[in-house]
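This report refers to the structure that appears directly beneath it.
Think of it as A, B, C and D in the order they're written, each chain with its own count starting at 1.
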Amino acid sequence: MTPPATVVQRPRVAELTYREALNQALQEEMKRDESVFLMGEEVAQYHGAYKVSKGLLEHFGNRRVLDTPISELGFSGLGVGAALAGLRPVIEFMTFNFSFLALDQVINTAAKWRYMSGGQFKVPIVFRGPNGAALQLAAQHSHACETYYFHAPGIKVVAPATPADAKGLLKAAIRDDDPVIVLEGELLYNIRGTVPEDGEHIVPLGKADVKRTGTDLSIVAHGRSVHLALQAAGELEQEGVDTEVVDLRSLRPLDAETVLASVRKTNRAICVEEGWPFGGVGGQVVSIIQEEAFDWLDAPVFRVTQADVPMPYAKNLEQTAKPSLERVVRACHRVLYGDGAWGDDTQ
Amino acid sequence: MTPPATVVQRPRVAELTYREALNQALQEEMKRDESVFLMGEEVAQYHGAYKVSKGLLEHFGNRRVLDTPISELGFSGLGVGAALAGLRPVIEFMTFNFSFLALDQVINTAAKWRYMSGGQFKVPIVFRGPNGAALQLAAQHSHACETYYFHAPGIKVVAPATPADAKGLLKAAIRDDDPVIVLEGELLYNIRGTVPEDGEHIVPLGKADVKRTGTDLSIVAHGRSVHLALQAAGELEQEGVDTEVVDLRSLRPLDAETVLASVRKTNRAICVEEGWPFGGVGGQVVSIIQEEAFDWLDAPVFRVTQADVPMPYAKNLEQTAKPSLERVVRACHRVLYGDGAWGDDTQ
Amino acid sequence: MANSHTRAKTQEKVEAESEPRSTASSDYGKGALRQGGGDSLNGVDPEVAVRLMRQMLLFRRFEERAEEAYAIGKIGGFCHLHIGQEGSAAGTVGALHQDDYVIGTYREHTQALAKGMSPNAVMAELYGRVGGCSRGRGGSMHLFDAEKYFLGGAGIVAGQVPTATGVGFAIRYRGEKRVVLCLLGEAALNQGAFHEALNFAAIWKLPVIYAVENNVYGMGTAFYRVSRTHVDDRALAYGIPCHVVNGQDVLSTYTLFRRLADEVRHGSGPHYVEIRTYRFKGHSMSDPVSGTYRSKEEVEQRTEEEDPIRILKERCFAAGVMDQEELEGMDAEVRKQIDGAAQFADSSPAPDPVNLYDYVYAQTSQHGRLFLDGRDDAPGDGGAEA
Amino acid sequence: MANSHTRAKTQEKVEAESEPRSTASSDYGKGALRQGGGDSLNGVDPEVAVRLMRQMLLFRRFEERAEEAYAIGKIGGFCHLHIGQEGSAAGTVGALHQDDYVIGTYREHTQALAKGMSPNAVMAELYGRVGGCSRGRGGSMHLFDAEKYFLGGAGIVAGQVPTATGVGFAIRYRGEKRVVLCLLGEAALNQGAFHEALNFAAIWKLPVIYAVENNVYGMGTAFYRVSRTHVDDRALAYGIPCHVVNGQDVLSTYTLFRRLADEVRHGSGPHYVEIRTYRFKGHSMSDPVSGTYRSKEEVEQRTEEEDPIRILKERCFAAGVMDQEELEGMDAEVRKQIDGAAQFADSSPAPDPVNLYDYVYAQTSQHGRLFLDGRDDAPGDGGAEA
């Protein structure tokens, strides 16, 4: 993994978990800017259901770290109003599964007030929280919500895969003047990685990161799927295949150029994501690739997604439903070694 | 346009508007099945904001045609409960713009109760209403909501383009044992067409319809965009281009086979839709085409969508933002007469 | 004080905490609405009464002109008039300070004007012109003026209620002595957003006044058909003091809001007011004035008896602060102002389509593409250095 | 009747219409919850008391076993125990007829058992096995039994409230004499879904009982921190009669629900009950029992003083309907039943992954593809004849 490009002088680094990196981002930005505050269910006294806000109440007090009632639509709208009046709210969804209840405020208010007012208002708000299936939480608690948010203009969406990106993207999101959705991986909170301690460690929105360079095949992924992609790349290496892993990091803005450059080099690509296929991130990436790198493609771009079913509870069914290392490798094989008559085998 | 394939003996037909066709479908199904009822804002005494339910209150009484408070989440959930208990609710959203408020009940209850109960419960419910931009209703009232619904397994989604399909698909939706979203074109209510008077005129969910056959190029569309596609086909005919228009009719189930057969014949395709591009219907269709008809493609599949902005109010801006005949024709030209070096020109 | 009435939650603890300061009056109930024309200004300063009259005339003439312009196609989309409800625009917004915030519904032309926005800019917005207060992007339902602290123009029923509550949060966060006024229709009470927001205002004692314009109908639905309780019962569940006022009597409305705004500014926490009023026109331009869900007689009678302009006129005449001639002079001035607004709107150009992508985001992206519609005219933002 | 109290909206019109039939008692307030062990059965039939005891023992032992099974990894995901709240499961669901409907929350193991579902099938569901009541698809939060009219198992806070209201709608639509019981936690009152649904129940007089289990906390948040009013104030805004009962006293709870269910069955329209109770364990398995948001002392004291099983035991002993020996015998039987359930769950196979796509839709599609994940194992539904 390449270090973030923005860090100029050699910064002090620390080995942190993804959770700690997010916490650090919140701390730093709250210290830096009095108008930043955190609001959500259990974020204060309980330190967050996933403990991302540990210590913040103690540090910043209950004026700036607020426990809310269970009213997702209400506190999302409240955040938007506070942003309109000049604050920089960070809204935690306990998980993004509950954000469906708030969708109207995100799509119809946060995303549109700037536009409808002819640019008079800005809505600098961050909606963040765990996204994607964890372990056996069943159908109502296992959504990957990318599609619901990146669809709408006016919103930006990021999905960090590593502790360093988690810190840098969250900080960028908080400083951004538009509403930003930060999709944190529910299963990534405990992963560790090197994180610049630098308060100015910012990962700009809209910049993909080539997490592994390679020449034979591109895997385009984001969030937790990046780790699956890297694992697959490791396996493929054993077979002599040199895989490039493009971590989108941002879904909107989308760094099409980095994706296209990769595909123009490797001529083959797959997309991996945790969500469902209809209207997923993969379809968007595939569209761009085939529109803008058609002549470079030696094979169709295949997608690996969650099975197109609500997430089942039973452990074995859940494992089957999730995108797995095996499925990613298989899709790579298909793209690499298909018989060159693309289409027949799938009828 | 080919007549619906399901009609076996020559039925009596009538010239009806799309609105009247929907009304007829509701009338017939309510007569046929006592468990069907209609609920929504202004559907009874006011006959619906778009007058689709004209006469239903008078005919079926206020037990079966119910005006609700402005509580989209509430009455959607109420409908789901009624369906679980054995009724067949038809829920009208005054427009689908307001359905964001109800999304949680649709995704988390309607779409999942069958699955989570291991098949014990069914949720035969229809959510219907106008979808897509009308005229100068601005950013909060001009959504095409396809993406929000077809993304989630457990839900079916249809989008009729003609009066005959409107009747046949709504009837099929009401009889279906799964939740079905019926996206009616807000600007289609007044169009006229031939509609079988037959009470058994059913257009099965999941069957696309080739609204115009051609050999040079395929336009894949649904809902109002079908008309744009047909117009474009007319223009292209002047130039000697023979265009096929595939009306998806259903977005889920999606009739990939009809799309693929068309593309394998024409080798070139574009997708037209009223919604936004990120996560749109087009990306899904493109993915299928390139995955399964890669070798047949002589050009990339281009998409024509609404401009990637919230819908502006001003008439001229709105016209610019909407997918237009001109844009559709231009995309066809690109696919037909591109210089064969696909990709360079777009960098 | 005539025509206003206050209730607070009867439960001891909450009452003690919320300390409603309104003086309860005894004229609560159905009669209240019909007691319009009094014989005095009820303690309102004559200058204020004259100002309110001018405002209401401006609102009436503005709306009449909008109606005409709609008929000839100069205005498109939905257009919701406030005719008959001018007293509630003037009496609520007009009672605030300049730096107080207001957020309204899609029926907000007059509310915007009341906040001091220019009739020219508002009319131009309805016409969809760059000179419009939202640069032609918003239209009738989405009027904005950041400098006047007018935050919309919200088209989703009750969507503005959490937003307003958040503005109240920001005021408290910064320790300012300001108020946010949240205007809503009575039909919005059945939206969950309303409830969630009011609870926040209550628990955090936010400086918000929720002003419910109860004009009897939400589109074609009378409130009693969709509620078993009254408009003024709904906020009691949160321990927010509830008040009722006759919105056709602008002086009562003004007096109440002046007092409540003052209390809120000094830390009272939220207030909730039912403003009893009536919509003289159809819900929007496509809705008939009467015939479907209300009778011609009803509309005629209420229009006749409860015109807020007539009621104030009689009061002013009775109090001797104005006579017929002065009123006519004022009306002529206002009409001229509206003519000017229409002319301004007409001469303001339509937005340039090359600016279609403006205002969606703060700026075009330095990295990555914000817009993926594949159009040549979309800003060519994004990457490059990869 | 001890430990239950009823309030109705004070406003005249509504009171007249809703005709609450509960007899108000004077023990409302903080003290009520502490008056557990009485010295009689309060008019409850001895057989019923014994049945309720058996039920509560079953619930307690079931939950204890689930806790153990979770600790050793036999149960995964979220698991919310009802220990301490058994009185409210037995006293509410247990007071219904077999063909009445129940819908609950994610804390619903005991509610499912109370509705007559087999402990075997419920335990197997927690284990994620095909023998589970949801065939292993649902897990702890999503228990179902169509034949017993148990509709879930709902994981979105307050999501079940509109659903339940819709079941009430269907009952009324068909003119049946049935009831739907909607169980929810007190934290659900701050969700808009709750409000929208209650309004529907009120205006359409639907046969729903909303039973709010007020166990003081929603996760780590005490209700008073997120509400200025009391749990029993919230339904008054809709004109629904509100009742309060001590859920630790299963006999009071049972008596109240028996009566309310009867009234609802005979057309009274909805009722709303606050059941005062306490959660003895953490919110879910990952939440500590005490230390973060409540003190060890608080939990110990309330567990000690307000154990619904101990309270009923004392009443039964005092009334002479049961002695220590009989109780121990009953407990032994129950434990054996739970052993059997765990064995059944253990021996039931995991679902076969080839059936992954089952139950998403009524049937595989005859036309078009329902599933687009491109997997070989997805049902090859769709088209062909094109």
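Here is the rule we use: a contact is a pair of C-beta atoms (placed from the backbone, for glycine too) under 8 Å apart; a residue touches a chain by one contact, two chains touch by 3 or more.
What you see is a predicted model; the values in this text were computed from it and never measured.
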Inquiry  = Suppose chain centres are the mean of their C-alpha atoms. Which chain sits farthest from chain D?
reply    = C
Inquiry  = If I rank A-D and B-D by number of C-beta contact pairs, which comes first?
reply    = B-D
Inquiry  = Can you work out the whole-Å distance between the CA centroids of chain A and chain D?
reply    = 37
Request  = Let me have the rounded angstrom distance from the C-alpha centre of chain C over to the C-alpha centre of chain D, please.
outcome  = 44
Remark   = Here the gap between chain A and chain B, centre to centre from mean Cα coordinates and rounded to Å, is 30
Request  = Compute the distance, rounded to whole Å, between the mean C-alpha positions of chain B and chain D.
outcome  = 40
Residues of chain D touching at least two other chains = 134, 136-138, 142, 154-156, 190-193, 195-196, 199, 203, 225-227, 360, 370-372, 374
Request  = Provide the list of chain A residues touching at least two other chains, using ranges where the numbers run on.
outcome  = 68-69, 71, 73-74, 97, 101, 104, 108, 115-116, 138-140, 153-154, 252, 254, 276-278, 284, 291, 302-303, 308-310, 312, 346
Query = Where on chain D does chain A make contact in their complex?
reply = 76-78, 128-129, 134, 136-139, 141-142, 154-158, 187-188, 190-193, 218-221, 225-227, 292-293, 350-351, 353, 356-357, 360, 370-375, 378
Ask   = Which part of chain A faces chain B closely enough to touch in the complex?
value = 73, 97, 100-101, 103-104, 107-108, 111-112, 115-116, 138-140, 146-148, 150-154, 251-252, 254, 260, 264, 275-284, 286-287, 290-297, 299-303, 308-310, 312, 341-343, 346-347
Ask   = chain C touches which residues of chain B in the complex?
value = 41-42, 45-46, 49, 67-71, 73-74, 97-98, 101, 135-141, 276-278, 302-303, 305-310, 312-317, 320-321, 327, 346
Message = Which stretch or stretches of chain D touch chain B in the complex?
response = 101, 103, 132-138, 142, 144-146, 151-156, 159, 161-171, 173-174, 192-193, 195-197, 199-200, 203, 358-362, 365-372, 374, 381-384, 386
Remark   = In the complex, the residues of chain B that touch chain D are 37, 63, 68-69, 71, 73-87, 89, 104-105, 108-109, 113-122, 153-154, 156, 176-178, 204-208, 250, 252-258, 261, 284, 288, 291
